[in-house]
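After this come two complexes, each holding subunit A, first together with subunit B and then together with subunit C.
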Partner chain A sequence: MTVDLAGATGRTGGDPGRSGRAGGEADAGKKRRRPFGAQPLGILFSAPYLIFVGVVFAYPVIFAVWMSFHDYFFTAPGAQVDRPFVGLDNYVTALTDPDVWRAFGNVGIFLIINVPLTVVLSIVLATALDRVVRARTFFRVAFYVPYVTASVAVVAVWLFLFSNTGLINNVLGPLAPNPSWLVNSALAMPTIALFVTWKGLGFYILLYLAALQNVQKELYESVAVDGGGRLRQFFSVTVPGVRPATFLVVLLSTITGANLFTEPYLLTSGGGPNGASTSPVLLIYQKGIEQQNPDVAAAIGVVLIIFVLVIALLQRRFVGREES
Partner chain B sequence: MRRRILATAVAATGILALSACSGGGGGASGMDAKGPITIWYSNNDAEIAWGKQMVEAWNAANPDQQVTAQEIPAGSSSEEVIGAAITAGNAPCLIFNTSPAAVPGFQKQGGLVNLSDFPDGEQYITDRSGDLADQYRSDDGGFYQLPWKSNPVMIFYNKDLFAKAGLDPENPQLSTYDEFLAAAQKLKAAGVSDYAINPAPTSEFFQSWFDFYPLYAAQTGGKQLVEDGKATFDDADGEAVADFWRTIYADQLAGNEQYQGDAFADGKAAMAIVGPWAVSVYKDKVNWGAVPVPTEKGVAADQTWTFSDAKNVGLFTACQNKATAWDVLKFATSEEQDGAWLNETGQMPLRKDLTTTYADYFQSNPAYEQFGDQAARTVEVPNVQNSVEIWQAFRDGYSKAVIFGDGDVKSFLSDAKTQIDQLAAGK
Partner chain C sequence: MRSKIVTYGVLTVGALAFLFPFYYMVVGSLQTNPDTSIAGAFPHPSNLTTENYTAIDGRINLLQGLANSGIFTGGVILGTLVFGVLAGYALAVLKWRGRSATFALVLLVQVVPFQLLMIPLYVMIARDYGLSDSYLGMILPFFINSTAVVIFRQYFLQLPKELFDAARIDGAGEFRLLWSVALPLVRPALLTAVLLTFIGPWNEFLWPFLITKDATMQPLAVSLANFISNIAASTTNPFGAMMAGAVVLAAPAVALFLIFQRYFTSNDLGSGVKG
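What follows is the complex of A and B.
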């Protein structure tokens, strides 16, 4: 510990005289002697998490990629089975399956609705909450409660709201869609997107509330002095001021949305009606666990990873360009 | 963030793989080994009560081969729990809740013992179940499951609602499609319930076992969905059944939205397709009657086939003391224990001559008599590879064409046959 601290002091030029003559060589020598860096204890502290990541995330990912190139199925320990390399066969099976394309299309519809809606609602509500003076905590908690409530619990409420004889249809009367929301091919996925937006809003509002604390209040005053109203202040100060948060919200909601599973599983009883709300992860579950084809499921999983990475890169290019 | 993407995308496939590394397996050894074993049984009250008394009776007589029993662990379905247990190598010796549809998959996993490998295995099973046993043979000719109990499904109807609608509750005239549709229309017109009948319209692979398949079994006189590796339903019989259900949905005699609860018990539907387990469930809620499922032109009750809705017993390769497990299996399916099962649960042991073997029971419980008779004419899900995928493919097409009326029934049957033939052939 003492040696490390001394080394750190030397690097930061604690003794300019020594550093000027031989400090460089001395530092190089010390670096060679420190394979674990200047703070080996840091590795010790982070080791549990690194091991956790390695065992729980990295190993399954690498294993899933391996599975996707082999004829693989789960077996009892000790069972002697061949698991030959099959090249791209599992990918061909996955990508020639219309259900897979449909699932990706479904999640595309979901993202188109969910991501912009999440961004717009959370920034507007965060701005409003930031200005609320009375009952601030109540409002913040009210928006956050759905986020921390289990989907299984709130799904029942939505089933009640959006069923054929539910509250929404009763209010709409003759304007109610037929078939109703969750069994309507065109409306099932948008309804799920609304549900997920509503449920996750509290978390994204919190992100924006944090970002809003970094926006200089003087900027609002400047716009006000120039005659700008609340709307002008919002677009000229708030929106640019929270741009890094917006990039984060877009990215997180995209990743969360691409992993959609619980909501179609519960709200539309396994991706109905006839596959209109099946998501890729739901399909992975069906193929991998229910139908015992984990190799094809793994191929879909790898395609999903690529799909999300491509979207994330595009978002970084277009939404996060100034930040980067 | 990338971590999150990767993790969730492969969670369904990766975690099980991890668990595979931690288990210890029994392999095919231990066929002669005796000693303590563990078993799982279903988690409903009646089956637990039977299981407990069966284990107590065995343990009292076999102190050196004690049985430890527990309910099957909670999961989204028993099949997933069992599949994971096989992979992890910690499956119990016996599971009294093994779905025949999952058996080919468990067998492929190397998780099940071929009961025919026991010297008396073949004879015991065929002696107990008779011809019905053949539906449970695997493609290599062996028995990887012991045919245990069935719930032959029939049409339950609400006598009070039938009477309100002007239908004869004691003679409800439901044996042909035309009669059934006429009764359903009358029930709907009378407004006695939201729906005439309301099978779950959801997408799970097994839902067709409670709408299409019983009627198809009846219409064909006992044909399975796949026979000799080929789908059977793309013909006039399959079309008649699918058309019948399509009419039901098109005329809104059944709902295309899942009912949250039991529509029959709640009086939301005047009829239901259920097995004898429902007798005890509905006895205090509904004034019910039961008739065989309908056919296009009508078939006598004593010649009508239906879906078995069976659950069987699997002996798992992870078991160390397989000889004890086999002995316990024979004890649990003995005439005495089958009688106790019938008494406790009202579900039908899959044994030949059921109604004569337990004549006293059926005499004193007439409500079960027709189920006992029906149990002799039940059709099981086909014992083929990719069974679950086959049923999912069928359900997807059925859901689209029949429940939601999108496209025509003939195309659905033809497309589903092509797809299922490929799945039954391998991959």
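What follows is the complex of A and C.
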């Protein structure tokens, strides 16, 4: 079985040295003589993945860009219709829509709250977790539980906690905001940002815990010898030491922000009040599927990709690139 | 000593903030009348009931939803494991032309948010292929997981090269090497990958929400979301019923995580994500 498959792949590769496959692994010279490399079976092993990426990733991206430049509408399957090229019309429609600007502004608010909060809380909690021995498992489990639980399930609790007569307002008493959290246009988006921070923090703590293993322990000692306390050690050893992880955390939480859908859809009944917590993905859903304008929705999607890339590049400048 | 106390203090406050909503979810699901006062967090026995579970089961079919979630998740895990292991093995162990380009592609795919592909995928899968309200349509976009490919590659990279060379000299083919040498050595890693990929489809909302309109095909996350946004208001204790549904949806993932949490380690995941 194995030999047959190897032979089949090798045939296209012309395999004078198939018997030497084992020895040829590290031999660059031999590799060059074989058009598909020393072990062309790798292509076969990766083929399902590559086909998958082509069908579910590359083609949809191209299709989305194509759609955004054409007058695209839903039809019955197989119907032959004309979908004329309309240039930038869909982009003009999208970018002259105040709702679209609002949605991107909302992501901005989300990121300003979510990203720093995520970085600070996860770095502090990971450092604390890294130091303790007792009850370590308990704390780890506690921190990861929101991460492994479905958003839809925990959204239900937050709705209960943050409702007008909910526990949070009961605890706050006269300090409770009016109108209440999720129906308050100034607080709806910050509340969503808080929810997402809480929900995802476990994952980022995990990343920082891994990064902390790479921080040299001697550095702490040398700071201690110089008379630096815990705080000093934290800022001059831990924080710079986990910088690559910080870059990753910032990038991933930005992507999460760009993907925001479930939370505004459920927590604020579709991005309310009055669009104060609408996200671009929610808007893509509303315009594309509810209002049947997939071409405009695709244009918003393309703008969103550009938005993510620009933010990622800016962050790369400020947070610094991951050392590789 | 003082820093120990501070450390434990920070961790305890954190743990409370993380766990309290779950505790409150269970309490809320068991209350006859929602009690949102501070005392309500410590429920009185006379206010306890399982009515909320019956109430939500009457509106959405919990068992059917769980079964749909299970099939969806199972399909995704199957594809992730089989094709993720193959690709990860090829990227870590085999030398072939296009290997580094493929790995670059794996990393690139992870950075672009799936949601951005939502409209074209919806048109393709629901409109062109007519796969809405089918398990295949739900599974297809998640069938192979790039993060899993990276994780598997990372594990296979850690195996000593000599092992493979020795087996190859003994005449073992690559499939045999993968199946009888490499896989048994990374078994704990497989479990981690299953745990990590389980969370995704089990908790996924947007995609199945888009392509399932038929209530009997909806995963539990979707039917619970529909209940929250459309139906809950018409039940006698809407929050209680919502909490009950939330407990049913949360329980399998949390239980699996609790049982296997020692496999859910930072190094595995960290190295996986860092590539």
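Rule of thumb we're sticking to: the second predicted complex is superposed on the first by the 282 of 324 C-alpha atoms of A that agree within 3 Å, B and C clash if a C-alpha of one lies under 4 Å from a C-alpha of the other, contacts with A are read in each partner's own complex, and residues count from 1 in each chain.
By our rule, a contact is a pair of C-beta atoms (placed from the backbone, for glycine too) under 8 Å apart; a residue touches a chain by one contact, two chains touch by 3 or more.
In this text, all values refer to a predicted model and were calculated from it rather than measured experimentally.
If you put the two complexes together on subunit A, you find that subunit B and subunit C bump into each other.
By the touch criterion stated above, A:60 is placed in contact with subunit B and with subunit C alike.
By the document's definition of touching, of the two partners only subunit B reaches A:183; subunit C does not. In the superposed model, A:79 lies in contact with subunit B only, and not with subunit C. Judged by the touch definition given at the top, the superposed model places A:144 against subunit C, while subunit B stays out of reach.
In the superposition on chain A, A:275 makes contact with subunit B only, not with subunit C.
In the superposed model, A:101 makes contact with neither subunit B nor subunit C. Applying the stated contact rule after C-alpha superposition, one finds that A:235 touches neither subunit B nor subunit C.
Between subunit B and subunit C, it is C that contacts the larger number of residues in subunit A. In the overlay built on the shared chain, the residue A:294 is in contact with subunit B and with subunit C.
Applying the stated contact rule after C-alpha superposition, one finds that A:318 touches neither subunit B nor subunit C.
Across the superposed pair, subunit B and subunit C both touch subunit A at residues 53, 56-57, 59-61, 63-64, 67, 74-75, 77, 156, 159-160, 163, 251, 255, 258-259, 261, 269-270, 281, 284-285, 288-289, 294, 297-298, 301, 304-305, 308, 312. Across the complex, subunit A is touched by residues 1-18, 20, 23-27, 77, 79-80, 83, 86-89, 91, 105, 108-111, 200-205, 255-258, 260, 317-318, 386, 388-389, 392, 396, 399-400, 403-404, 406, 427 of subunit B. Within the complex, the subunit A residues that touch subunit C are 1-3, 5-6, 21-23, 25, 31, 35-43, 45-46, 48-50, 52-53, 56-57, 59-61, 63-64, 67, 74-75, 77, 121, 124-125, 128-129, 131-132, 135, 137-161, 163, 165-167, 170-171, 198, 201-202, 206-207, 209-211, 213, 230, 244-245, 248, 251, 255, 258-259, 261-262, 265-266, 269-270, 281, 284-285, 288-289, 294, 297-298, 301, 304-305, 308, 312, 322.
By the touch criterion given at the top, residues 3-4, 7-8, 10-11, 14-15, 17-19, 21-22, 24-25, 28, 34, 36-38, 40-41, 83-84, 86-87, 89-91, 94-99, 102, 105-106, 109, 111-124, 127-128, 130, 140-141, 143-144, 146, 149, 161, 164-165, 168-169, 173-176, 199, 202-203, 205-206, 210, 221, 224-225, 228-229, 239, 242-243, 245-247, 249-250, 253-254, 257-258, 261-262, 264, 266-267, 269-271, 273-274 of subunit C touch subunit A in their complex. On the subunit A side of its complex with subunit B, the touching residues are 53, 55-57, 59-61, 63-64, 67, 73-81, 93, 99, 156, 159-160, 163-164, 179-180, 182-183, 185, 251-252, 255, 258-259, 261, 268-275, 281, 284-286, 288-294, 297-298, 301-302, 304-305, 308-309, 312.
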